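The following pair of complexes shares a single chain, subunit A, combined with subunit B in the former and subunit C in the latter.
Entry: the complex of A and B
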């Protein structure tokens, strides 16, 4: 065995054989798709404010709900994963990505029944987001409380 | 001498591949080898209620076709060897449940196709069986669920990833003369060169293919030129280039007579990342296209090396490196053709 493919440095040697992800391209696509999703959200907020005389704060919840519904439908029709392959973080970071992770898990585990299949696995992927979200909120809450007590 | 060198089995009896059967899913049926498959499904569900049933159907169909081509019934088969990628090899075990043929289940990840063929042939050579069926299957959606994410989950995959082939392949082996002879097999060792990325199996498996091919040449005293084609299972666009360079470093140039089943099974515009993978990848290409090419005389002698990555998602999450293996079988046109 030659020096080049030596077992110890194999991982480094084969790097040159692996196609590189295009960082700029990925960022650009994530920006475009992620931005478009946010633009759609902004449009929906405006729509709810105009149609139902809601304040901006009140229009927030129906906007998020609509985006979640759209994402769930696109997941069910088998479109969302294709958008995601193109968009990367652009479709994973917004609330639509969260909806997709839940809907896809529900679809996948439907064959194992409603309780042990769908319900048990629903938060298989999204669970970590919720856990770290709650933990982060707790820590930030404590910090805020301490600061308020001191000042 | 049945054993040659360290790892090669030279079958003493003349063993033959009597018939083969292949069944594939929609993406494979749109690929360049579409005409060489016996059964093609236009839906990934293969008219079944879930993915696991779909994979089971593919394996059953490939066996049925294989038997009917040879005009044999299942009670004439002495032994059934099979494997797949799912936990507890459920596809193989559940298919075997309905076949009621004595059964040995095997697991070598994607190398199982040649593992079952090599072991089945050895058992016939030794006289433990007269007719053996070797079968494997894989399904894109069952593999996604088990090894990666839910099918519809929107996660971006890197360019080094591979796409699991949906399909199944079965082969009937015996001493009854046919057009294709199974001459010898080289059994691989587990290799681990320390890669950890489950989305780059090509890089992980190239050393296993390298080791098996090199050992085969050393054990048999043969050279690459002794074959019309050396084909690996699923090294993909990444691993196949690494393999060629690894062998070149040792003085074996295989560029002109090398190919990879994972690159043959799909067109380049089918969005399969670096290529196809899975047990069925090497099986449907070998039992379909390659067997046909041997029968038509386009090749005289080929060396099929099926490669497998032996990791599980748990091992990957525990930061273990990926062990890999490759088994090779030599198929050749038999002198004088069929009966």
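Entry: the complex of A and C
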């Protein structure tokens, strides 16, 4: 009983000393950085459309590749983590955050060797995205396929 | 106008992610996984295509478009090859992103030294 009481008191005391994150400030920073990354993507799409006479859909592939390359390089230089500290979800939600999670997981385990360290841990964080994406797309795909067959 | 909507919609999706971080205390991995699932479900109702038409890179750059591309590739192949097409096409449109992320991630890990 007293243990539970202490636990509650502890939670209360800890809460007083925790820095109160400002939700609005965090959201504003996420909005600005996330929006800017998408703006860069839109700019790249326009550039590839003009340079190589691509449609907007065709230009999507080189745009994503460029963003991933930039993100991997910035992660290597240690810059992306600094952006992430500032931007929160603004740098995690765009596809650059996916590339960052792959590169940083690989870098972190470099000391364990190329095979057991880098290659094994490459998808340590990004794996969940691929697993849930494929499972969800598979299920929705089956539902849509059955619906189209019935209609 | 394309650029304005790309900024606003892309930023808006990130704000939803930030709210999930701060209020629902989800980890980045949870948020990214949820967003991919959301993208696939929205594409299931043909909503995500309309968002891309409207916002361009504002909808294709966030990770939600990964779920959308997974389903899109699957449905394209399913139209040609029937039921097995779902499995054949699921990585059809996303392979560029995954392959380049693996290649660049690996190369950077080989070349650079870990910081911090």
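Just so it is clear, the second predicted complex is superposed on the first by the 142 of 151 C-alpha atoms of A that agree within 3 Å, B and C clash if a C-alpha of one lies under 4 Å from a C-alpha of the other, contacts with A are read in each partner's own complex, and residues count from 1 in each chain.
The rule is simple: contacts are C-beta pairs under 8 Å (C-beta built on N, C-alpha and C of every residue); 3 or more make two chains touch, one makes a residue touch a chain.
Model, not experiment: these values are computed from the prediction.
Asker: Do subunit B and subunit C fit side by side on subunit A in the superposed arrangement, or is it a clash?
Answerer: With subunit A aligned, subunit B clears subunit C, so fit.
Asker: I'd like to know which partner A:45 touches here: subunit B for first, subunit C for second, both or neither.
Answerer: second
Asker: Which chain, subunit B or subunit C, is in touch with more residues of subunit A?
Answerer: C
Asker: Looking at A:108 after the superposition, I want to know if it touches subunit B, subunit C, both of them or none. Which is it: first, second, both, neither?
Answerer: both
Asker: If we overlay the two complexes on their shared chain A, which of subunit B and subunit C does A:37 touch? Say first, second, both or neither.
Answerer: Touch status of A:37: second partner only.
Asker: Once the shared chain is lined up, is A:14 touching subunit B (first), subunit C (second), both, or neither of them?
Answerer: first
Asker: Considering only touches as defined above, state whether A:75 meets subunit B (first), subunit C (second), both or neither.
Answerer: Touch partners of A:75: subunit B and subunit C.
Asker: After superposition on the shared chain, which partner residues are touched by A:125: those of subunit B (first), subunit C (second), both, or neither?
Answerer: both
Asker: Under the stated touch criterion, which partner chain does A:92 make contact with: subunit B (first), subunit C (second), both, or neither?
Answerer: both
Asker: Can you work out, in whole Å, how close the C-alpha atoms of subunit B and subunit C get once everything is superposed?
Answerer: Across the overlay, subunit B reaches subunit C at a minimum of 5 Å between C-alpha atoms.
Asker: Residue overlap on subunit A between the subunit B contact set and the subunit C contact set?
Answerer: The answer is residues 21, 26, 75-76, 78, 81, 87-89, 92, 97, 101, 103, 107-108, 111, 125 of subunit A.
Asker: Residues of subunit A touching subunit B in their complex?
Answerer: Per the touch definition, subunit A meets subunit B at residues 1-2, 4-5, 7-8, 10-11, 14, 17-19, 21, 26, 75-76, 78, 80-81, 83-85, 87-89, 91-92, 97, 100-101, 103-105, 107-109, 111, 124-125.
Asker: Give the list of subunit C residues in touch with subunit A in this complex.
Answerer: Residues 2-3, 6-23, 28-29, 31-37, 39-41, 43-44, 55-58, 60-67, 70-71, 74-75, 78, 83, 86-87, 90, 94, 96-98, 100-102, 104-116.
Asker: Quick check on the complex: what are the subunit B residues that touch subunit A?
Answerer: Answer in residue numbers: 49-52, 145, 149-160, 193-195, 200, 203, 206-207, 210, 237-238, 241-242, 245-246, 249-250, 271, 274.
Asker: Which of the residues in subunit A end up touching subunit C in this complex?
Answerer: Per the stated touch rule, the residues are 21, 23, 26-27, 30-46, 56, 60-61, 63-65, 67-69, 72-73, 75-78, 81, 87-90, 92-99, 101-103, 106-108, 110-111, 114, 118-119, 122, 125-126, 128-134, 136-138, 140-145.
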